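Two complexes come next, and they have one chain in common, subunit A, joined by subunit B in the first and subunit C in the second.
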Partner chain A sequence: MSFLQIVEGPLFYIAAAIFLIGAIWRVIGIIKIGHKRDLAPPKGSGKVGFVAGNLRHFLPRKIFAKRTWVHIIAGYSFHFGLFALLLFAAPHIDFARDRILGFDWPALPRWGFIIAAQFAFAGLIMLWVRRFSDPVMRLISDWDDHIGSWLTFLVMLTGCLALQESHNALKAIHMLFVDVWLIYFPFSRLMHAGTFFLSRGYTGATYGRKGMTL
Partner chain B sequence: MMLHRLIAAIFFIALMLVSVTTINAQSVRPPGNAVNQSTDEQIGTSNTLGPDSQSKYWHDLRQGKSGLSTTGRSGGLLIQAQGEQWRLIRKNYIIKYSGWVLAAVLVILVLFFLIRGKIRLKGGRSGQTISRFSLPHRTAHWFMASIFIMLGLSGLILLLGRTALAPLIGKNVYSIFASAAMQGHNLFGPLFIVALVWMYYLFVPGNFFKMVDLKWILKGGGLIGGHASAGHYNFGEKVWFWAVAIVGLLISITGIILEFPWLSANLQLLQISTIVHAIGAVGLIAFALGHIYIGTIGMEGALDSMTTGDVDVNWAKEHHDLWYEEVTGEKSATHDQGETGHAQVYSQDKITGV
Partner chain C sequence: MSAVAQKAVSKFLEFIDADIAAYAESCVHCGECAEACHFYLATKDPKYTPTYKLFPLVKAYKRHKAPLSGLKKMLGLVPAEVTEDELREWEPLVYDACTMCGRCTLVCPMGIDIAGTIRKMREGFVAAGIVPEGLSVAAANAERTGSPMGVTLKALSAQIVRQEKETGIKIEIDKKGADYMAILSSMEIMGYPEIIGAYAKLFKQAGVSWTISSEAFEATNVGVQIGDGKMAKMLVQRIVDAAEKLKVKHVISPECGHAYGALRWAGPNMVGKEFSFKVVHIIELLDQLRREGRIPAGEKDGRRMTLHDPCQLIRRGGLLQEPRTLLDDSCSDFIEMEGAGIANLCCGGGGGVSANERARELQMAAFAQKLKQINDLGDIDAVVVPCANCRTVFEDGLDEFEVDLEVVGLGELVAETLASK
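On to the complex of A and B.
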């Protein structure tokens, strides 16, 4: 069995299982914490607040816009680029069809892939730079944040370097980083991808019950 | 009847075999009256070219005579003779000397460090800092730095890899590096243009040359002739800025031409672009090595300006005294005679840790 066959075969399935089980375990753990019962009579809807809290956070606050425009643009650039690559890159769709789902969907053309990758890289680099340049971000960041950023960067980089699809070694390196990333994901702040809606929703629901406008 | 037919058939087959054998025997031997053709008639004018000589035929091709080839973007051009010149320039000059230039710069920097050592703050760190670069400035700088490093590494693999790497790691492994480098270079190239525009927009104020820069040059940046006064940027930093801006623009334009070769049908433009792109990139990398050296291990306190955005007050006084005066309104002890900061004066609250 070649190295490529290992990293996209058994190792990938083990990593994917750890990713799924770990992520579900983390989300269930957060939900089970629950919240302290609010004895005060509600002045608004907690459910509406939950949804509003999630949606409102997608837009920058006007009073902070001047200070935060760089990382807001970088954040959108990175996340949209990453999801476009993850879900619509032709090699990913082929992989999903052949090894996981059994069906496929339309892929991005090559130029679309390149543009999505450029947005993703530009955003990720800017976000990481902010992590050590901004005094507040530097204080609240620890090794977990940096490892998460670097692992994501390496997954993206090795994937793009293998774009010519002419060498199995490059594909194998990419798959190895994918496997490591999947295993690391549930135990790190990368989990924010699956938990951000809970934290935003919790805040929104709390405000909603108190009748506060978000 | 049957017997007669059988005998006739055998006779006929035997006759044919004898004939064929006789013809074959004759074909490998020239007949006795055969005359050799002269060599002159075989070279030069041939039956297929009619009255044209072969030398004229190839001369016409080299001159780009049209009508000889009709397919492709360069229809009518079968041989582009400048391609050989381009290949020789690339092989004998660019690839040959690029590595030596970069190695020489590294050697100079190592020697400089061994002789001069780290440039330390004469007054030590004061514990007070002054803001030098904003968060957008730092983000733009590191964004450019990240892209530049990735482009520089992948570009050098493509330019020098066949000469420097392949003999060490083997052609098969090098082909993997080359494939990866090509994809990475093409991917990050357009981001360099974004970074360049962003950097230019943020950093151009304060980077125009002034009279104080002439004095800075005459004093060798402080290496000869005592302290050299400087504003927000000294002469060396300004030269670096304009080198990045101008050479970066050239690299960007030639890079676009090379990444999208279908934009132009002019093959010579592509060849010139590869040469300009390589020379400009190697020059910038060499310059960047010096920039990285002085910004990190070469000078105490310099890196702070691009990590935290704040520099020590003593660093500001010693290396950018005119800028320090501009910001604080306070005269620095290192100030040159006859030099003044700009009229815009800030209060002491620009300094933190007071």
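On to the complex of A and C.
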């Protein structure tokens, strides 16, 4: 078995299993901690608040945007770019069809891929540079934040290098980083992708019961 | 781990529910929350970043309670134990530098409720006996008299007699079967007793039957401020007992931010049962009476006024519209600050900060942010502050910065602008 076959075969499946089981375990683990029933008579609905809180926090508030615009732009740019690449890059769709789902969907044209990649890289680099240049972020960041940024960066970088799919070695390196990223994910802060809805939702529910949307 | 640290960590773990777990898991260390916190805005010191204030609690969670922490511990990937030194280092951040105002939640992309988490985190500090002196004195007073300022029934009675003389209206104490039982904050009784007269005038006009209990007249809940669940429960229980004894249908929470949250939103959870009465905030009640036509508005006050939104009433209390409706009727030149309502800045003295002498300098720096918000409006004659605690913070701050601005309570303003019968 070649190196490429290992990293996109057995190692990938093991990594994907760790990713899935670990992430689900962690989300369920949080939910299972539970909370006490709120005995105060509500003014609004907690369930509506859960959803409203989730949606409201997608939109930055104007009063703060003056101060946090770098994060808003970098954050959206990185996340949209990343999701566009993940879901619509032609090699990813082929991989999903051949190895997981059995069907495919339209891919981004080459120029679309390049634009998405530029947004993703620009956003990620901006956020990462701020992590050590901004005094607030420097104080609160830890090794987990840096490893998460670096791993994601390397996955994206090797992915771009492997785009031509002409060199198996480049593709194998990309897949290796993908596998490492998948294994690292459930143990790290990358998990925010799977827990943010709880965090926003629980606060939303608390405020929803008070008749407020924060 | 030292016995002191152990006590704090055990309490942290006891109080970490799914909400706090989700917050600890989701914080991406983006630091945006700093830009909403008046303590950071005033000092630009990164240690005042809201999420940083939670670090010891998050550490304890990650080491002991987080899903997969067992596996991570085996691999040496969990944070170290929280130490006593660390707790002592964090104590001023937890007590002096957080008013539990909840503004940071607005900007946080994860919607993390820092204020609510700090409230629970303080339980750990109380258990470990690591609390600021000013607050321990207030707590000892409350333990003794039920009031953080040690206000006695005698003092209240004297104020009531004075207000009866002022208004010519009799105020009945311990009236069984009254519809409403009013409670007051220490600050109101000692600093702004006119509010008692205002209640008398408004309720007489509206035909509301009301009373004040001689056993539970104090609304301030220092237990909630300091983070002492046992004391908070005891103070709520007093009110519940008195309300049940007098068989009232409603308890009126006064113009005091945290007292409202303590009784209306946390109260039933503290005593472990639903109340037999409804908790209504005085602003809510006045708004309702106004809508029912029972306290019609008369001539408006012509001064140029703005409204300070007490965090625990508005952002964290849910009373967003009511004060505004009342003000529209009472004031002909009303103007809103930037971020009015949900995003308004805290006065800097909530959450027990104003009772904590050590925090004074920081509190004043935070108040300067609030003052700037008001100054940005141009010429203002008066600011309406519907919370007695915020009101003392305002008066103190305006004095400190030598600013000539009147501070008025909302209840009094509504009483003053009532249509004469």
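Following the convention adopted for this analysis, the second predicted complex is superposed on the first by the 213 of 214 C-alpha atoms of A that agree within 3 Å, B and C clash if a C-alpha of one lies under 4 Å from a C-alpha of the other, contacts with A are read in each partner's own complex, and residues count from 1 in each chain.
By definition in this document, contacts are C-beta pairs under 8 Å (C-beta built on N, C-alpha and C of every residue); 3 or more make two chains touch, one makes a residue touch a chain.
Predicted, not measured: the structure shown is a model, and the values here were computed from it.
Student: Once both complexes are superposed via subunit A, do subunit B and subunit C end up clashing or fitting?
Tutor: Here subunit B and subunit C can both sit on subunit A without a clash.
Student: Which angle, to the nearest 10 degrees, do you get at the Cα centre of subunit A between the Cα centres of subunit B and subunit C?
Tutor: 120
Student: Figure out whether A:36 sits in contact with subunit B (first) or subunit C (second), or with both, or with neither.
Tutor: After superposition on chain A, A:36 lies in contact with subunit C alone.
Student: Looking at subunit A, does subunit B or subunit C touch a larger number of its residues?
Tutor: C
Student: Give one of first, second, both or neither to describe whether A:192 is in contact with subunit B, with subunit C, with both, or with none.
Tutor: After superposing on A, A:192 lies in contact with subunit C but is clear of subunit B.
Student: Does the superposition put A:169 against subunit B (first), subunit C (second), both, or neither?
Tutor: In the superposed model, A:169 contacts subunit B only, not subunit C.
Student: Considering only touches as defined above, state whether A:214 meets subunit B (first), subunit C (second), both or neither.
Tutor: Once the two structures are laid over each other on A, A:214 reaches subunit C alone.
Student: For A:57, is the partner it touches subunit B (first), subunit C (second), both, or none of the two (neither)?
Tutor: The second partner, subunit C, only.
Student: Using the superposition on chain A described above, determine whether A:140 touches subunit B (first), subunit C (second), both, or neither.
Tutor: In the superposition, A:140 contacts subunit C only.
Student: Of all C-alpha distances between subunit B and subunit C after superposition, which is the least, in Å?
Tutor: 9
Student: If I apply the document's touch criterion, which positions on subunit A are contacted by subunit B in one structure and by subunit C in the other?
Tutor: The overlap between the subunit B and subunit C interfaces on subunit A comprises residues 134-135.
Student: If we count contacts the way the header does, which residues on subunit B are in touch with subunit A in the complex?
Tutor: Residues of subunit B touching subunit A: 135-136, 138-139, 142-143, 146-147, 175-176, 179-184, 186-188, 190-191, 194, 307-309.
Student: List the residues on subunit A that touch subunit C in their complex, please.
Tutor: Per the stated touch rule, the residues are 22, 25-26, 28-36, 38-41, 43-44, 53-54, 56-57, 60-61, 63-64, 67-68, 71, 75, 127, 131, 134-142, 145, 186-187, 189, 191-192, 195-196, 198-204, 206-207, 210-212, 214.
Student: Residues of subunit A touching subunit B in their complex?
Tutor: Touching subunit B from subunit A are residues 70, 114, 117-118, 121-122, 125-126, 129-130, 132-135, 157, 160-164, 166-167, 169-170.
Student: Which stretch or stretches of subunit C touch subunit A in the complex?
Tutor: 16-19, 21-23, 25-32, 34-36, 40, 46-47, 49, 51-52, 65-68, 72, 77, 102, 105-113, 116, 264-269, 272-274, 278, 315-318, 320, 338-339, 342-343
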